[in-house]
Structures are given as structure tokens and as C-alpha cells.
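When the chains are written out, they are named A, B, C, D, E and F in that same order, and each has its own residue count from 1.
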Amino acid sequence: MNPANPQHSLGRLLLTGAAGGLGRVLRPRLRARSSLLRVSDISAMDPAAAGEEVVQAALEDRAAVHCLLEGIDAVVHLGGLSTEHPFDAILQANIVGTYNVYEAARRHGVKRIVFASSNHVTGFYRQDQVIDANAPARPDGYYGLSKAFGEDLSRFYFDRYGIETVCLRIGSSFPEPKDRRMLATWLSYDDLERLVVASLTAPVVGHSIIFGMSDNTTTWWDNSLARHIGFRPQDSSEPFRAAREAAQPTLDRNDPAVLYQGGAFVRTGPFE
Amino acid sequence: MNPANPQHSLGRLLLTGAAGGLGRVLRPRLRARSSLLRVSDISAMDPAAAGEEVVQAALEDRAAVHCLLEGIDAVVHLGGLSTEHPFDAILQANIVGTYNVYEAARRHGVKRIVFASSNHVTGFYRQDQVIDANAPARPDGYYGLSKAFGEDLSRFYFDRYGIETVCLRIGSSFPEPKDRRMLATWLSYDDLERLVVASLTAPVVGHSIIFGMSDNTTTWWDNSLARHIGFRPQDSSEPFRAAREAAQPTLDRNDPAVLYQGGAFVRTGPFE
Amino acid sequence: MNPANPQHSLGRLLLTGAAGGLGRVLRPRLRARSSLLRVSDISAMDPAAAGEEVVQAALEDRAAVHCLLEGIDAVVHLGGLSTEHPFDAILQANIVGTYNVYEAARRHGVKRIVFASSNHVTGFYRQDQVIDANAPARPDGYYGLSKAFGEDLSRFYFDRYGIETVCLRIGSSFPEPKDRRMLATWLSYDDLERLVVASLTAPVVGHSIIFGMSDNTTTWWDNSLARHIGFRPQDSSEPFRAAREAAQPTLDRNDPAVLYQGGAFVRTGPFE
Amino acid sequence: MNPANPQHSLGRLLLTGAAGGLGRVLRPRLRARSSLLRVSDISAMDPAAAGEEVVQAALEDRAAVHCLLEGIDAVVHLGGLSTEHPFDAILQANIVGTYNVYEAARRHGVKRIVFASSNHVTGFYRQDQVIDANAPARPDGYYGLSKAFGEDLSRFYFDRYGIETVCLRIGSSFPEPKDRRMLATWLSYDDLERLVVASLTAPVVGHSIIFGMSDNTTTWWDNSLARHIGFRPQDSSEPFRAAREAAQPTLDRNDPAVLYQGGAFVRTGPFE
Amino acid sequence: MNPANPQHSLGRLLLTGAAGGLGRVLRPRLRARSSLLRVSDISAMDPAAAGEEVVQAALEDRAAVHCLLEGIDAVVHLGGLSTEHPFDAILQANIVGTYNVYEAARRHGVKRIVFASSNHVTGFYRQDQVIDANAPARPDGYYGLSKAFGEDLSRFYFDRYGIETVCLRIGSSFPEPKDRRMLATWLSYDDLERLVVASLTAPVVGHSIIFGMSDNTTTWWDNSLARHIGFRPQDSSEPFRAAREAAQPTLDRNDPAVLYQGGAFVRTGPFE
Amino acid sequence: MNPANPQHSLGRLLLTGAAGGLGRVLRPRLRARSSLLRVSDISAMDPAAAGEEVVQAALEDRAAVHCLLEGIDAVVHLGGLSTEHPFDAILQANIVGTYNVYEAARRHGVKRIVFASSNHVTGFYRQDQVIDANAPARPDGYYGLSKAFGEDLSRFYFDRYGIETVCLRIGSSFPEPKDRRMLATWLSYDDLERLVVASLTAPVVGHSIIFGMSDNTTTWWDNSLARHIGFRPQDSSEPFRAAREAAQPTLDRNDPAVLYQGGAFVRTGPFE
């Protein structure tokens, strides 16, 4: 927080995964609210704008990550792989990478992290089940497993070291819902921003889990347990319903991708 | 589904109970969305419009019901008695009748049924209790018992044969709420249509139970468990509140019809 | 209750289904505790002993059932079909028959019924799930459906007319467990007697549901909600474990009869 | 209820604590809806307007309270201390005072009371917890304890004597939210009126507990269990968010007043 | 704790209510385990034995209670009225008295209290309901209300000041069960001792609630939430069943004392 | 299963971690029940007895692990680190190692694994909380995190590939309880054997979690959800209570090792 400039209420912020899809969406939006926005990615990023620092680094590079956290007030951790991959790749980018972020946060005294978890932590629930954040994890692949690991890791860093985390179980954040499943899972970019900002500014979050979805008419997730975060989505997938239903008039309910919440992720692999 | 005509997205539909109050409301609305609408009732119905087939039949007539289901994609099963009656009448129309529908659906490979259940399945909860679909049944009469039976029957046909059902525990569907109780239970005709269409088009429903009510300010029912169906009511009983309260300024809370959710049903009978 | 003879603490008792397997087990045990034991069945029974009345009657014979209830203090209702059958047979014996018993009880002022329900009310839960009496019904056939109906019917007769019922979801009551499934579901005859006597003598039972099983090491059912009934089983299937496991060393977990609690019932039918 | 004048649908009403902050807000609003509004307080009040009676009395004066309840249809009980005080003061005003009100209601046959409870009944839950009315009490001081006592007392008077109560766990009812905590707890005056009117007019309330808050984006309370009351707030703290956040840009999460729902109440005392 | 003498593992103990029925039972049993046993009561007590101090004092005498707590390690607080009385008597002995004990404990740094609460905190649950410690209070009179208050008070003193309490919701502790209700509620003296000792010696109790009952076959209470206390009863009411049932062969289920868990307490009063 | 020899009912079994404390306990006990017992460890083991194969291998050696699983019917996976260590060591032995075991099991068609999880998955619950297997993970270190990962991984392999797992959240398995905490957590060696055998032989386990503890009087864990496994412990820590309490007469409840279930694990680290 920079009391000198109320526009910069988020203080000195680190955004990991800044070259990814959601990273590019959030970067300019968070810059406007931060006194400093440090962005990082394993890939090349746009050059630093005013108020920005750009640091290219792999999350599995422990020393580099420790540098990233220096002088930071809070982290939005989007980095790592964001789709299903063979185990070893997930292990490095998401498991080792997230460990590095939390351990560096501990050493530098960073006290809040917004962690991009995923609906794939619970992807093996059926699409006719409505779950909340207390439902046991049913990951739908190595990617989902790595996000379940990140949620548990952040729980530990809160219980042991007092570092607060909001885990965002992001549904499908795209310009618009791309298929019938996304009528349930869509999170608009504006709602994504609202969710991240609420997670950064809520006075007390401890260790919280919230599903990231817009105000969709159809959904599988109940955020009753996360009302303290103050996220109220303003968008909805409903205007896209007719088009998405017309494009996929029939669905094969014997297809696991239709039956389970995780969609096509549940039938990815095995990787031989 | 008829991909050739996206207007007809509900495919070949059977509507039972088409001569009843809600049947007459739904018939034209469903016709507009179906490639074929077959309507049936024990009573005479209006003649067939374009895209319709009209078949007069009693639900307890097993052979007739088997014919009804032939070539059908989905069923909206409103048929049977819709108010309290002596046991034997309920037994035939609602218990035998609903069994006939499901058994015929099994034989013809029909894979989804929208079953008009009733709030009278849980009519013996008090009006100061808020329940969801997992609350144990507390039927308020033979009618409510027959709907509880239908819910359990449809659960069996899903577990055993994979036939999906949405059970609609319909409150009070009338042009407007007629008394103070209906301020809680009212389901407008437009919301009824939304509910039936959502139940027919939701990608995966398994065996689901949803209370059929508009977006009323006062209610006793929690549909959190049914968000996957994608029903969002647009109407409300609130505009009718002042008139209904003025018409019934005092209520006798010693009257079971005031105390329990089922209203006057809870004190109908015994039939001697 | 006959205060004149404390041995006869159960008063004037009606036992239906007295010619069936469990009826024959319970008849002499209940006779010893009753001032009068009236026994009935659709089949022929042993002649009346002292303190007994024997009445052959079909439960679907309404008039006969009304006579059966005359002058009775409490009922142990075992009658009807006790295994899976085509729907019409179940409908008459179990649905109509149980309705007749309750309606006759209402007319004669009988205030407590012990109803032989069945584990097949919830037979479509998996064998790795532990459920209690509040778990929604998942019947595994028409037989299970009829027992779910009887449970709901008895709930109604309690809510509306104050007739108390204990629903016994009997597992497998035989001289000994006959297969590996019965290691979980077995109810010894002595424990069956304890259960029935507790259900008849507990001061207040309202409408209660209890799973009927001995103190087996393996089980799928949690009777925590029924501790007020005062049933504590004294037997166990454990002494039979080695023999049953040796007789069925391998199990095919793709067989629904292995996977689901209802065992072979879940794959009976369809009846064509 | 005065059927002769539908404007006066609340009948003969007693408002205690009429000289307090919320009493002064509610007095004119309730007068417009009552056939008689009797107002009382330990302090001096404005003179009686048409349709009003003004009675100055201490709640711990049993005889005076008994007079207050005479001829009354329903009570809005705001009286007593409304902030933390030493035990003896709370004991007299809130514990003895509320007992006096209920005992007088019993003697005079009053059948409904709206009791101003408080969020301080559960003030020791953390601000990252979302609770409903079934969460065990965790009072944050003697004031909160006295309100927990009032809730239990009213439960007893309902179970034993049939007097219905709605307990309003009021958050922070002021013209606008005064600090960041009130972004979660604010209850606008108009919403307060809606809540009180709904609690007085709902047909059946038995013993209900509802959290009194506007439609705030951030909240810690779930009113799902109280939907039968028919309270739907129309206001929100959201328009005040930017100003409140700017005024308190940083929060010390080691401060119990920041961490717990009760705010500064949780660190008041001890009184030595 | 007195490491010098492992016999005296309970340290310096205060026992209030030492002249009452349970006080007289516990006094010699606790003396044998304490380095010092201070006993108090409003009534005269037996003279001090070795290792004892005897202090006659009323719990409503704040100064006297503060002296009682001096130099004490833990308290067993049985004092106050233990049956239903008019409100004012309960207010002084149980509400003011228990406040005095906790406030004195706070000032003297006492860190654990075993509080004799009562099953009458939940006496208005029916005898066919099984509840645990999280069930909302339903007190059956002023006595039950005062115990609910004590439970909430002790919760506050733990949340605010870290004083641990085990609330014992004692059923019926007598030499033997005296009537049919006590078949469910009986707590033998030996089990009472086990319960108090476990509550004093469990390493961490925070604020816990446990129902005090022997290992009775029939019960209404589920202590699953209190397993950390390490209480395992060794006695049972079962040997007394036949005699108690013979003495009360019939029960009137329209009598609230039969229907509700609180027994005759639920129909005591009103006190006019 | 080897029907030819009912003594060898566990079939061809792999035991990992055979050189560790529990591995050495289980090896001879499992050998007696297996047609083949293959044992492995990273350390040297005793030479192969009759019916055994001994294979020294590191779990992080993927190829070696794939060989280990060849021709195996079921696995008891104890291997990896069993106490807290720096992250990188845990990562290799427990996270990569367990992945290797499951992936090899998938390739070789192994259908059941008994996975040695740990109470440290939930070590950050307080010692006055009683939890069951559905309580969200609260790991107390990297070791606990790796076990939470293993539980989630095995859930995935069941949902995706049908490999059944029983996760044993082992408490403290030693010849006798070594300190006061182990009065709650102790699992005798005989009970450990019972638990492993039950987990291997239960007909259907799907993905189950069970806490591994003897029949201790004090405990924090509720195995109600795991009754289908058929584990009934026969031993208890109670005979050791007096000695353990005498050895640790006082406990410092400000010490996290006293306050939390995980004991000293909760204050191990950070590793700098």
C-alpha cells in the first residue's frame, strides 16, 4: 500500500506467469493499482512500462525466484504450466516452482499470495454435482495434482508461518465461453480482475479457496464459504448460451469429457 | 435435437398430462422448441397443431404408454393426479402410471425424463424450516407419497439403466399467487417454462431434484444443490405481497395448513 | 403391556409374514413376551399355541387386514414379498399391503409399528461408502422401491396421525453369513430379536430408521442416528470370516453385485 | 393487525429502547404501520405523536415491564445496553431486562417478539470464516454473552410457551459504514426497517435467527437458514468502499480487532 | 501437578458445590489425587481431612469467590443450584456465581476449569433425536438456561483469556438409574469420576463440551466430538433395565416429560 | 490370491520400504500370507527367505520401480522418507517415488495399493479437535505435504485408471507409546498388521482413507467413514497411560508441539 497515492493501493506487487494468457490480461490492470509491478515469466515479456520491473526467470530456478520476491508486498502467482503435461514437466514448473515462490516469500517476509489454482483440482466430480471448497480434491491429471499440491503447500505456509493465501480455482478465463462446458466455467477478464483485486485487498483471508467463475446461470461450484473475500462477479456466460448450444447440439454423455467437470482434461494421458 | 433446425433443439418430445393446467401452459411453449411434440392425457385435448401428435391414453394402460414412448427423445411427465385423492386413485394414476412411463422409456431407449414431482413430497416440514433436496421426504398425503415414489423410481432407473431424470418439486404454478402461502411457493408460468427447458437441455443431470419456485423473497427451499441445471427464475411473487397480505391479515398458527409447508394438503383426509 | 404379567410386556401383538423365514424365527420369541400374539400370513402357518391367534390372510385384502388389527397394541410387519419380483407382484403385496396395514392401524388406534424395511432401499450405494439413515434412498429394484415407499408412508402416518414406526433396514438375517457380502450385512437371529424388542419397547421412537446388522467388523452402515432405540448387537460375523473368504478367494469388482451394497439384487431384472 | 385499516397491519406494537439510535430510526417507521405504537426507554423520549404511547421505564423494573406488555400484539425489543459494559450493568439491563420482557409477554399472551440480538454473539469467529445461524456461539464480551442468553431464553419461551421470536443479529446499523469492518457488517436504516417488518409479518417464524446486514459484497454471514422470513436487503456498502479503504489503507492483522468478526469489541476489557 | 508425588497429579484443586450430591461423591476421590483439595459450598461441609481446605462461601459473594481461587491450579465447578428454580434464584447462584468463578480464575491465572453443565441445556430435544455438542441449545428451563450461559461464558473466557474449560453436560448421576428415562441418561459415580479426571488431565481441551453418561445401550447423545478428552465409561444402565421397565410398564407419550430429553424439567414452571 | 493355498490369500505382494521400522515389522507377517513377497528398499535388507524376493532399489529410480511392479497383485507402499526433511529430499523420495510406484502399477495392471500416508497430513489441527477423513488437509511440513500429495495422486489413479488405494494415515507405530501424545496416536504392531491385511482383503475399497491407531481411549480421529475396510483394533495405549503421564507430568500448552496433533513435527524447520 502506498498511502501517498491511493491509486496504488496494492503496493509493490509481483506477478508471475506474466507472459501467459492471463498474465497479459492482468499486467496492465494490476499496474494501474500498484506502486510497483514486478513481472516475471520463463518466456520473454513486453518491455517494462513506467512503474514496472520485468524479470525473466524460470520458477524452478530457486535463486532467481528468491530475487524475485525481494521488496515485494504481495504476489499474484500465475506462473508454471497451465495445462496438462507429462509428470516431470509439471513437477518442475508447478511443484518445485510453487515451493520456490513460497519459500522465497517466507524469507522475504511477504505476507499475502494470490495463487492461481484450478478447477482441475476437482475435475473428477461429475457435472451434475455442486461442490464447495471443502469437497475433497479429485484432480483430473498431473496439472490438477500440482494445483492441489499448491493449495496444501499454501495451507502449510499459513499454518506455520502466517503467510496468507487466496487460492483461485479458476474455471475458463477467455474473452468468451468457447464451448458448452464453459457456459458453466467461464470467468470473464473483468471478473478475473475483480477476483484478484478482492483477494489482494480483503482485510483477512487466512487460507481461502474460491472458485473463479462469472455470474453464470449454470454452475457446479458454490462459493458460500468465500464470501469474506468480497468477490461479486458482474459478467455472465448467458448471452453466449444460444450460440454455444447451437454449435454443439448433441453431447455424448458416455464421453468422460462431457460427464466430468474437468472436461477434456479427464481423458488426457496416459503419457507413455 | 434436430440440427437441421436450431429452433427445434428439444427434439422429439412427449408431454404427458397435456390437458391439465400446466400441460396447457407448456404445450405451445414446448411445441415451438421441438421437432415433434407428442401430447397425451386421459382427457380430451385440443386437436393437433403442426408438429404435434395428440394421443389420448390413461397412464395406467401399460400398452398405451409403451406406444406413447416410441420414437421419443425426451419426456416431460406431468400426467396423473395433481392433488390429494383417496389412495386407490393415486395408486393407479401416479404410482402405476409413472412406473409405466419409466418402463416404456427403458424399452424404447429414452434417455431423459423431466418428472413433475411436488413440494408435497416435503409438505410436513414447518414453514420456518429451509430445506434442500437432501432433506428426507416428509410427504403430506397420498399424493405427496406418490411423488416421493416417483423420485425414488427415477433414481433407480438412473442407477440401473442410465435414464436421467430431473425431478421438479413444483410449488404453486398459477397466473399469480392466490394466497399468502403462495408468496413462498409461487412459480410463474414463464419460470416454469425456463425450468423445464433448462432441465431438458442441461448437458448432464444424472438424477437431480430441484424445487420449482420463482425468485420469491420468502421461501423455504434451497436450490444450491441444483445449480448445474441452469435454472434462474426471472419472476417474483413480491408484487403481489401487499394484496395477498391485505386479503389474509391474520393467520391462525394452530392451523396445520398455516404451520406446515404443504398448506391445506396436510389436513386433507382421512378418506373414510 | 400387561402389568399383571411382566413377562408379557409387549402386550397384544400382531406379527405379519409369520410363515416366512424371519416370521418363523420371531414367532416363538415374541410369543413369550406378549399377552397375545396374533400371527398372519398369506400361506399356511403352524397351528396356534397357547396365547396365539393364527389368521391366514393376504395383505392386499383390505377387509381382512382391517380385522387383523383389531384389538392390537403394536405390529411387527414382516409381511409381503421379501425378494425382488416383477413390479405388479411387489405393488400388491408390498405397496398396497403396507398401505392396508397402516390404514387399519389408524382406524384401530394402534400406535406403534415395527416395519421390516430393507438394506435394498439403499442398495445402489457402493460397498466403499458408509451411509446413515439420512442418506437419500437409492433402491436397487422394485423390492427396494416398495420398502422406500413403506418408509415414506410410515413417515406420513407419524406426521399426520401420530403412529410411531421403527423402520428396520434388515441386512441378511440367516443362521450364519452365507457369502463374503454377508460379512458386512449379517444380522443373527438373536440380534434380530434384540432389535425388534428394542423397537417395541423404546419409550419414544417417533419415526426412526435403523440398519439391522450384528456387531460386524466390516460394515457400510452407521446407526449413530438411532441410538435412542437401544439396540446393541451381541453377535458378529467375524467367526465366519475365514471360511467365507476361503470359499470366495477372488471377487470381480466389475460385477455390480460385488461393487454395490445391494449385492445380486442390483443386477436382477429387467423383467420382460 | 387491524383489518379496519390495512395501513396498520402490524397491530398494537411495543418498541423498547425507543430513545436509542435504532429506536429513534424505527419509531416513525413502525408508527406508520401500527394501530398503536407504545414506545419505552429508560431515558426520556420525544412526546407521543398520534397513535403512540410513551412510557419511560427501566427494563429491570419487573412491574413496569409487565405493564408495558399489556394489550400488545407484538414486541420489537431493542432495549438494554447496546455496547460492551462491565458485567453487572449488562446483567441488569440485558439479562434481567430481557427475562422481564419475555415473562411479561407470557403473562399477557403476546405471541411474537423481534429481539435485537447482535453479531457479537459470534464475534470471536475470524473474519475469514463464513458462518450461519447454527454455528455455536462465540461471544466477544459480556454484551455478546447477554445476547446469546437472550437468544437461548427466547428459544425456551418458544419451546415451552409457543412465543415466537426472530433474533436479529444486527451488524452495524448506521447512516453509512464508518470503517473497513463495516463494509461487511453494515445494515442500512432502510434495510433495518425491511428486516423488522419482515420479522413481524412472516406467517410462521417459530424461533429464528437472522443476521442483519445489507446486501454487502463482502460478508461473513450466511442467511440461508432464514429465507422463510422474507428479508431481502436493497442497500449495499459497496458505494462506500473506496472511501473506507482510502481512509484505512493498511490494517494490522495481529490486532484482534482486525482479525475477528467482533472488531474492537474483542479487545475491550477486562474491567478491573 | 506435583511431580514430587505422582499420586497427586491433579495439583491444587478447587471443588465448588462440595456439599451437594455429586460434590460429596467427588470430594474423597479428588482428594486422593490432589496435592491440595480446597472445597467450598454455601452449606456446611464435613471438616477438612488431611490435604483439604474447607471454605464455606456463597458463589454470589464476589470477594469470597476471589479468595477461593487463590493459589489454585484447576477448578471443578459444581456449585450453584442443580435443579429448576425461579429465575431470580438461578440468576444469583448460577449466572452471577459462575461469572464470579471465571473472573476470579482470570485474575489468579487459573488455566483449566471443569464446569458442571447439564443435559438440560438441550432438554427440549425429543427423546427420538440423537444430538452432539454442536446442536443448538434448547434449554428446558431457567436452570438449563443458566448452564447454557455458563457454557457460553466459558467459551468467551477461552477465546479471550485462554482459560480452558470442559463443560460436562451431566445426565443423571445417582447410585443407580431411578426411572426409565435414566436408562438413557445415567452416569454412574465411577464414570463421573473418570470423566472429571479425564477432563482435568487431557493435555489440550480448549473449550470442549461432553455429555456425561455411562456406556448405556440407549442414549440420545453422541460424544464423537469429544474423543480427545479420553473419557471411556465403564458402567451401564443395562443391568437395571428390567426392573425399571417393570416399574413403569406404560408411558404416556403425550406427556412432555416422556417426549422430551429433559424429562420432568420441561414441564416445571411457570413460577407465578 | 492363491486358491491352491488359502494361507497365501494375499497373492503376490510387493512391500516397499522393507528395511524401515515398519517394513521390518510387516515383512515376516505378510510373508506368511503371500504366495510371493517381493521386498524392496533403498537400503540393504535381510536376505530372502523362502517365498521372498529381495530387490534393493531407490523409489526415484523409475526403471527400477517399473521392474519392481512386474507380476505383482498388490502393493504395500511404505517406502520413502518417514520423517521431516528438507524439501528436495522429500520431493525425490516421496513425491517422485510415489508417482513412480503408481505409474508402474498402471503399466503392470496392478489393481490395489495400500499407501502408508501419515497423520502429518492433518498435523495442524489442534489436539482438541476430532476430525475424519473428509477434513481438509492441514499438513505440518514437507513430509506431511508429500503424503497429502500421495493421497491426491492415488485418488487420481483410482478415478482415472481404476486402481484402488487405501491410504493409511498412520499415527505412531512403535512397540509402545513413547510419550503422552502417543496415548492418542499409538498403533500397535499387531493392529498395524490387522490394518494392512484388512486393507488388502476388503472386497471393495475404491479410494479410502483411514487413520491408523489402536483402540485408544483418547483420540483425535474418527474412522466412521472407513468402516467398510473392516479394521477393528484390538490393542490400546491405556495400559501405558500412568507411566507416560508420570514421565511428563506437566505440558506447556504454548508449545505448538503440545497444542497441535502433529506434535514436534509442527515446529521442525525452516531448513535454511
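Quick note on the criterion: a residue touches a chain if its C-beta (ideal position, glycine included) is under 8 Å from a C-beta of that chain, and two chains touch if they have at least 3 such contacts.
In UniProt terms the chains read A, B, C, D, E, F = NAD(P)-dependent oxidoreductase.
Computed from a predicted structure; not experimentally measured.
Trainee: In this assembly, which chains make contact with chain C and also with chain F?
Mentor: E
Trainee: So if I look at the partners of chain E and the partners of chain F, which chains show up in both lists?
Mentor: C
Trainee: Answer with same or different: of all residue numbers used at the interface between chain B and chain C, are over half used by both copies?
Mentor: Counting which numbers both chains contribute, over half are shared, so the two copies meet through the same residues.
Trainee: Please work out the Cα centroid separation of chain A and chain E, and write it as a whole number of Å.
Mentor: That pair's centroid distance is 51 Å.
Trainee: Express in whole angstrom the distance between the two chain centres, defined as the mean CA positions of chain A and chain F.
Mentor: 32
Trainee: In whole angstrom, how far does the Cα centroid of chain B sit from the Cα centroid of chain D?
Mentor: Measuring from centre to centre gives 40 Å for this pair.
Trainee: Residues of chain F that contact two or more other chains, please.
Mentor: 224
Trainee: Taking all chains into account, which pairs touch?
Mentor: All touching pairs, sorted by chain label, are A-B, A-D, A-F, B-C, B-D, C-E, C-F, D-E, E-F.
Trainee: Enumerate the contact residues on chain C facing chain B in the complex.
Mentor: 87, 91, 95-96, 99, 103, 106, 124, 134, 136-141, 144-145, 148-149, 152-153, 155-156, 159-161, 266, 269-270
Trainee: Along chain A, where are the residues that touch chain D in the complex?
Mentor: 1-3, 6, 9, 111, 164, 198, 201-208, 224-232
Trainee: With touch defined as at the start, can you tell me which chain C residues reach chain F in the complex?
Mentor: Chain C reaches chain F through residues 126-130, 180-181, 183-184, 217-222, 224, 245-246, 249-251, 253, 258-259.
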